[in-house]
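These are the structures, in structure tokens.
Look at the two complexes coming up: subunit A is in both, with subunit B in one and subunit C in the other.
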Partner chain A sequence: MTRGASVEFAGVSKQYGLVTALRPTSLVIAQGEFFAFLGPSGSGKSTLLGTVAGFIPPSEGRVLIEGSDVTAMPPHRRNIGMVFQNYALFPYLTVAQNIAFPLRMRRLPRGEIARRVDRALEMVRLGDFGGRMPAQLSGGQQQRVALARAAVYDPPLLLMDEPLGALDKTLREEMQEELRQFHRVVGATILYVTHDQQEAAAMADRMAIMNHGAVEQAGPPRDLYARPENSFVARFLGEANVLRVVAADPVAAGRLHLRTEEGPALLACGSPPAGIACIRPEDIAIAEAPIERENCFRGRIVDIVHVAGSIRYSVAIAANCTLSVRVRSDRRTAVLPMDAAVHVGWDAQDALVLPS
Partner chain B sequence: MMGRADAVLGVAGRIGAAVLLAAFVLFLVAPVVVIVLMSFTDQLYLTFPPTRFALRWYASAWEQSRWLRAAWNSIQIGTATALASVALGTLSALAVTRGGRRWLLPFGSLVVAPMMLPHVIIAIGLYPTMLDLGLSGSYAAVVIGHTVVATPLVFTTVAAALRGYDHALELAARTLGANGWRTFRFVTLPMIAGGLLIGGIFAFAVSFDELMLALFLAGPRTETLPRLLWEHLAQSVTPTIAAVATLILAFTLLLLVAAETLRRRKAVEPPP
Partner chain C sequence: MAGIGRAAKPWTLGRGYLLLLPLPCGFLAVFFVWPLLRVVLRSVLDPRPNFSNYAKVLGAGPYAHILLYTIEIAALVTAICLLLAYPVAALTARMRGGALQVMTGLIVASLWTSAVIRSYAWLILFQRYGVVNQALIALGLAGAPVRILQTTTAVAIGMVHVLLPFMLLPLIATMRRIDPTLLRAGRILGAAPVRLFLRVYLPLSLPGVNAGVALVFITSLGFFITPSLLGGGRTTMAAMIIEEEADTYLDWPLASAIATILLALTVVIYLAYGRLARVEVTRSLR
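And then the complex of A and B:
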């Protein structure tokens, strides 16, 4: 098992002429961590990965691996493994030759190469596929070859740029499980870029939410979901009902009475400044009878969506305020009818008060 | 059966299309057929249609050392031109497609420009230059002239090959421990080998068929087949010309078939 390498970004930024791809970013990733960069396209996550790989020289700042400055080091000397979205397998080489490529570049003896290639093929359960050409394999198999090729020389750091992006949903979930398993076995630090929040949350120890070339917030997935620092993070991870606050009056210690642009006034836990209030759909209760919660509103069901394991109601509680409410459902759950007059409610502590 | 094209064209259109096809055959293919047929004549002058089949003019060309020397010159010059254009064309294509510098993009049009320029203009430009350099009439002069007009062909085929696959292959090789040269040697080169070979064949064919530059730049020692043909046309028109022209035609066709076969085989290969 390899010891993972630590990675540090010290004020790394990237400008392309007048365009800023990455604003000054500082971040420390611990040894052996599975760290995900999550954000919409153009948020700078791939740029950040490129500075670690050595493809993109930062405009300013330094990149450190295991404490040593690699900012000016060419990619082939960094001893990093990388998995690309479209696998980037060499189409004119067999699977075994693809996996042998990094070992040949390191001028390992022939016998050693053969031994390591066999071991890597076993690891990704492709023992019988060494003689095939990449084009003869399925997408998932190609991805496993790419993984084996990036890991066969035991690099202490692995970079993955949307590695599951080209796979269909079922296969993607299988591969997520496989990658987590792989991370446990190999022990290398993994930097993982994705735009899929479920994927990031399912796999990463910690993740950084990126937007407009900057890290909005970094931390364990659960913390980011429970305590987002701004509305972008709140909306990007899961769903959130966002109400704009026009006035906030303290009513007790840590409790605010909020008036909102959308109409409803509500009680929430938090402290000024209060710019917005977020309520997760699953934190809202729904019933025909009034609900015993600190915030309770009457409304009408305007939309019903069934998803696996839950039902999502859209409930209009004011002229321009429709809340999304998610309730768990099984075969015995009674579904409320469309247009039904209902009550929705939540406690003050369920609402997040954020500056903006 | 009434095809879609027929429905669109109508009767007048169909007659027009037939006339166009006839004209195409008459003006483009017929002269070639005439030349080939005339080369097999047994007469002392060019006749059409030939009266009796004979190979005496092929034998005659074979016996004249000047034709053989010209053929050998053409092959040498064509090979050198192909090698030089492959080197220059590949480097230019790499610079334009992989250079990563925006100012390099117009450079692509510059490389292709000689393909549009009349050869006579290039010849007028090169002729005094070669005189100054003391190269006039040398192999180098003809090879340089032909490389100017053949490089665009290599550039186009190699640039297309480079654009035809994901740049991530090279990035992957870099992360896997290959330096710049080994990335080119073990990734870029295998990926563009087909385009390179086709470009090289085209470059050879262009040089092999080229007259104008050879007229200006070649000397008696370095005269090429097209140049010798030209001279014979101006002086003594014998069926030898038809025989040599037929041989050139066959050789060029062979090159084109080779290039086309390579291109198809490349197209059949599954995408990476």
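And then the complex of A and C:
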């Protein structure tokens, strides 16, 4: 098992002429961590990964691996493994030759190369495929070859740029499980870029939410979901009902009375400054009778969507305020009808108060 | 219309298109296959049905030598074209937008001037008191005018000039399709620049190399105008001797035999190269 390498970004930024791809970013990733960069396209996550690989020289700042500055080091000397979205297997080489490539570049003896290639093929369960050409394999198999090729020289750091992006949903979920397993076995630090929040949350120890070339927030997936620091993070992870706060009056210790642009006034836990209030759809209760919660509103069901395991109601509680409400459902759950007059409610602590 | 409301099908060659086939086929049969057959038949039937014409070509006399020389010069021209074109193509393939258009425009524009005119231009540059000789003398590289015309050098330079675009275009087309991610993969996996070129870029560009080499080499074998203008009188290639036998000596059977051998040689070399190139691609990194 390899010891994972730590990675540190110290004020790394990237400008392309007048376009800012990455604003100054500082971040420390611990040894052996599975760290995901999550964000929409153009958020700078691939740029950040490119500075670690050495493909993209940062405009400013330094990248450190295991404490040593690699900012000026060319990619081939960094000893990093990388898996690409389109696999990037060499089409003119067999599977075994592809996996042998990094070992040949490191001038390992022939016998050692053969031994390691066999072991890598076993690890990704492609033992009999060494003689095939990449084009003869399925997408999932090609991705496993790419993984074997990136790991065969035991790099302490592995970069993965949307490695599952080209696979269909079922295969993707299978590969997620396999990658987690792989991470446990290999022990290398993994930097993982994706735009799929479920994928990131399912696999990463910690993740960074990126937007407009900057890290909005970093932390364990659970924390980011429970305690987003701004509305972008709140909306990007899962769903959120966001209400704009126009006035906030403290009513007790840590409790605010909020008036919102959308109309409803509500009680929330938090402290000023209060810019917005977020309520997760699953934190809202819905019933025909009034609900015993600190916040309770009357409304009308304007939309019903059935998703696996839950029902999502859209409930209009004011002229321009429609809340999304999600309730768990099974076969016995009674579905409220369309246009039904209902009550929705939540406690003060269910609402997140954020500055913006 | 029938297509509306239905799922779009990929375009396929419908049966109706087969009706168009007889026209080009007939044209080729009448103006290409039949004359070619006549040439081959004449080489064995005229003046008597035997292989005497072939015996003459391959026996004593200048013919076998000229055929060998033709292959030699074609190989030389192909090699020079490849060496000159490869770096230019690699650079061009990396260009984008305007620069790329200017570059391909220049290459294609060079095809607009006929080989005759371009070869005449070299004739003037290479003559006894031409620009090249004057420059050589002025630079002190030669004491007196050097013979350039009628030498292999003159023929090779002229042919490279005419044939370079046919090497450049397939190279550029192939190199532009090289996936930059593969080069990145090569670098991160540990390939230093030189090995990255040898182990990744070169094998990925080989299809273009093969196409260019086949195109230039085969065209070189049958080249006539440039070698006869720049090499005429001393340096003789196969097409020139065929023309001479047919036109000057009116020995059509002998000319037919040489032409048939040249054709056979071309096909054999092409097939052999094709096989070699395929093996090379699959073995390139073993």
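Points worth noting:
The rule we apply is simple: the second predicted complex is superposed on the first by the 356 of 356 C-alpha atoms of A that agree within 3 Å, B and C clash if a C-alpha of one lies under 4 Å from a C-alpha of the other, contacts with A are read in each partner's own complex, and residues count from 1 in each chain.
Operating definition for what follows: a residue touches a chain if its C-beta (ideal position, glycine included) is under 8 Å from a C-beta of that chain, and two chains touch if they have at least 3 such contacts.
Not measured: the values here are computed from a predicted model.
The superposition on subunit A brings subunit B into a clash with subunit C. Using the contact criterion defined above for the overlaid structures, shared-chain residue A:134 touches subunit B, although it does not reach subunit C. Look at A:97: by the touch rule set out above, it reaches subunit C but stays clear of subunit B.
By the document's definition of touching, both partners, subunit B and subunit C, reach A:153. In the superposition on chain A, subunit A positions 53-55, 74-76, 78-82, 84, 86, 88, 90-92, 101-102, 105-106, 149-150, 153, 159 are in contact with subunit B in one complex as well as with subunit C in the other. Residues of subunit A that touch subunit B in their complex: 53-55, 74-76, 78-82, 84-86, 88-92, 101-102, 105-106, 134-135, 149-150, 153, 159.
Residue ranges of subunit C in contact with subunit A, taken from their complex: 179, 181-182, 184-192, 195-196, 199-200, 203-204, 206, 281-282, 284-286. Interface of subunit A with subunit C (complex): residues 53-55, 74-76, 78-82, 84, 86, 88, 90-93, 97, 101-102, 104-106, 149-150, 153, 159.
If you check the complex, the residues on subunit B that touch subunit A are 165-166, 168-169, 171-179, 182-183, 186-187, 190-191, 269-272.
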